[in-house]
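Each of the next two complexes has chain A plus one other chain: chain B in the first, chain C in the second.
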Partner chain A sequence: MIWKFLLGLYMAIITALAFVIPIGFIPGLGERARIIFLHVPSAWLSVIAFFVAMLYAIRYLKSKNIYEDVKSVASAEIGFLFCFVTTVTGSIWAKFNWGSFWNWDPRETSIFVLLLIYGAYFVLRSAIEVEERRATLSAVYSIIAFITVPFFIFIMPRIMPGLHPGSKGDPEGAGPVVTFKMDPNMRVLFFASLLGFILVYLWMFKLRSRVEILKIKIQNKIYQEV
Partner chain B sequence: MSVYEFLEKNSIYLVLIIALIVWLSVFAYLVKVDAKLKKLENEFAKIENKEEIEK
Partner chain C sequence: MLSSIWAIFLKDLKSELRTRYALNALLMFVVVTISMILFATAGEVISGELLSGLLWVVIFFSAMSGLSRTFVSEEDRGTVIFLQLATRPSAVYFGKLLFNLVLIFGINFFVVIAYFLTMEGFKIKSFDVFLAGLILGSLGLASASTIIAAIIAKANTKGTLYPVLSFPVLLPLLITAINMTQLSIEGAKLVETFGHLRILFSYFAVVVIASYLLFDYIWKE
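For the complex of A and B:
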């Protein structure tokens, strides 16, 4: 239990530092660059979560163990949540940096498509009632869906011209995130924040899986008794 | 300078306070769910053990 409270404290310190540490001057971004400590780790984390969802999907297809399917869905759900957080924080940032909440920048379009792809994953799951069939189909879907993730997060927004830092034709070079030409303070805090996000993800993933596994166990118990 | 005036001139600290409240709420929720889940898992394990002994 103690590590959970340490994590709570660690993330609280990271949150506080994100607003107060000096980050140097970044042309075109200024103080608005502080979003990097929340927005970018949550985007990377959604990639990690979708990757873990794919790994458990492969494990399910190999073993046909329903617990692997439960873990795959748990990770996809958290990935979707973080993807949504990335979209919302990015949209708020866009309002102050570009003047409007949404303007179909390649980066915005790609994350929107990604949300649709994983939204369809949950729709697919809810449409099939037979447990084994649902698990098998959604595992296959999860594997195919992950193939698109690196393309939509890392490749497409960087080969197309756009307003987002790191796009092709970015007036500041490749942008502070892509080249890691960040202020040393900023770099340390960014990776510390990423580590904190990963730990929070692991905790959430474990909780979500345990809830679903317990649910299955209780259902089986009731079924056996009836 | 009153606290209100300070926050008016340094609105970033107001955002910092809101961000901290958001994180602490999420954290408190996670801790609560974790504790409840542990309790339920223990109860379920007890029932299972009891049945095994009866067998």
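For the complex of A and C:
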């Protein structure tokens, strides 16, 4: 219980600091670079959450334990949420930095496709009624889908020219955002924020999977009593 | 193993040639889509860039309307159990993949010829780039749509689900393939497109290997 309050306090401090901490001057971005403290961790977290969903999908296929499937879905749901947050914050930022909400920059395309993939994943789940079959097929789909994710997240934004910081043709470096020449303040706060996001993810994941597992247990108990 | 893959392929080919269900429907589908594009753009001069995008739209949707047939028909006719008894899952997968490959190459051959005949603005300067993109693109398209066909054959709403599930998975392939076709119109050399070719090929390899590993689970479900 106390941990939750501490985490809430921690995230509140991170959020406040994200607005006030001095970050130095960054050409082309200026104060708008502050989005890095919220947008980038949630983008990374969404990919991590989808990765965890794939790991649990593999574990489900090996063990056929329905709880693994529940955890896989829980992680995919949270990943979808973070993905949505990333898209919306990025889109608002793009309005002020590039002049329009959506430009079909390679990064924007990739985040949009992530939304499509996991949207399709939930559609697939709703289209199958038998529990084990649903778990198996959606596990296979989430594995197939995740192995195409690197093409979007890591390959395409680097070989196609784009507007997003860190893409090909960006003088600040053709790598991910961390290779930015970052102010030390900024770097510390960025990783602190990433840690906070990871903790939030872990907490949500635990909560979500526990609720679903309890639901299954209660159902089984009702069946036994009947 | 090889002989059973070949047997599955021949079985599918024979039953397809007997009914010509997928083939006829597909050819008509291509004709309808292309004439739809022609009607929509009548009298307009369309740029080669737009036409290369439209070419892949036609290819994608004709693949979506035909490639799920191999698995869905097994499920409809209730012959899945016989196949499960007769041979190993991986043999079924590769047999079906082979059949889908042949089918998609056939369709694409037809699409491209029809496209060349009807679209005046579609002038290709470097044919090697165009062909390399088309062949590798078809390989990738067949690989991903085969495994997804196996998934949706077990679901309740087969028809609508297929493009929905396939599109996001196929998008890295489609974007690269469209890019290749545009480059071929602009007259790029084959050496300049090695990056694209590598993406297309690695996509095909990755999807086939993953499908091979995962197919057992779908097939036995």
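Before moving on, here are some points about what is shown:
Here is the rule we use: the second predicted complex is superposed on the first by the 218 of 226 C-alpha atoms of A that agree within 3 Å, B and C clash if a C-alpha of one lies under 4 Å from a C-alpha of the other, contacts with A are read in each partner's own complex, and residues count from 1 in each chain.
As a convention for this text, a residue touches a chain if its C-beta (ideal position, glycine included) is under 8 Å from a C-beta of that chain, and two chains touch if they have at least 3 such contacts.
Everything quoted here is computed from the prediction, not taken from an experiment.
Considered on the superposed chain A, chain B and chain C are sterically compatible, since they fit side by side.
When the two structures are aligned on the shared chain, A:V85 is found in touch with neither chain B nor chain C.
In the superposed model, A:I155 makes contact with chain C only, not with chain B.
Within the superposed three-chain model, A:I117 lies in touch with chain C and out of touch with chain B [touch as defined at top]. Applying the stated contact rule after C-alpha superposition, one finds that A:I35 touches neither chain B nor chain C.
Panel annotation: after superposition on the shared chain A, the angle at the CA centre of chain A between chain B and chain C (CA centres) reads 140 degrees, nearest 10. Look at A:L202: by the touch rule set out above, it reaches neither chain B nor chain C.
Ranked by how many residues of chain A each touches, chain B and chain C are led by C.
Once the two complexes are laid over each other on the shared chain, residue contacts for A:R133 go to chain C alone; chain B is not touched.
Our summary of the superposed model lists a minimum C-alpha distance of 31 Å between chain B and chain C.
Within the complex formed with chain B, the chain A residues making contact are 4, 8, 11-12, 15-16, 18-20, 31, 203-204, 207, 210-211, 214, 217-218, 221. Note for the complex: chain B touches chain A at residues 12-13, 15-16, 19-20, 23-24, 27, 30-31, 33-34, 37, 40-41, 44, 47. Taken in their complex, chain C has these residues touching chain A: 144, 147-148, 151-152, 154-157, 161, 164-165, 167-169, 171-172, 175, 195, 199, 203, 206-207, 210-211, 214, 217-218, 221.
Residue ranges of chain A in contact with chain C, taken from their complex: 61, 109, 113, 116-117, 119-120, 123-124, 127-129, 132-133, 136-137, 139-141, 143-145, 147-148, 151-152, 155-156, 159.
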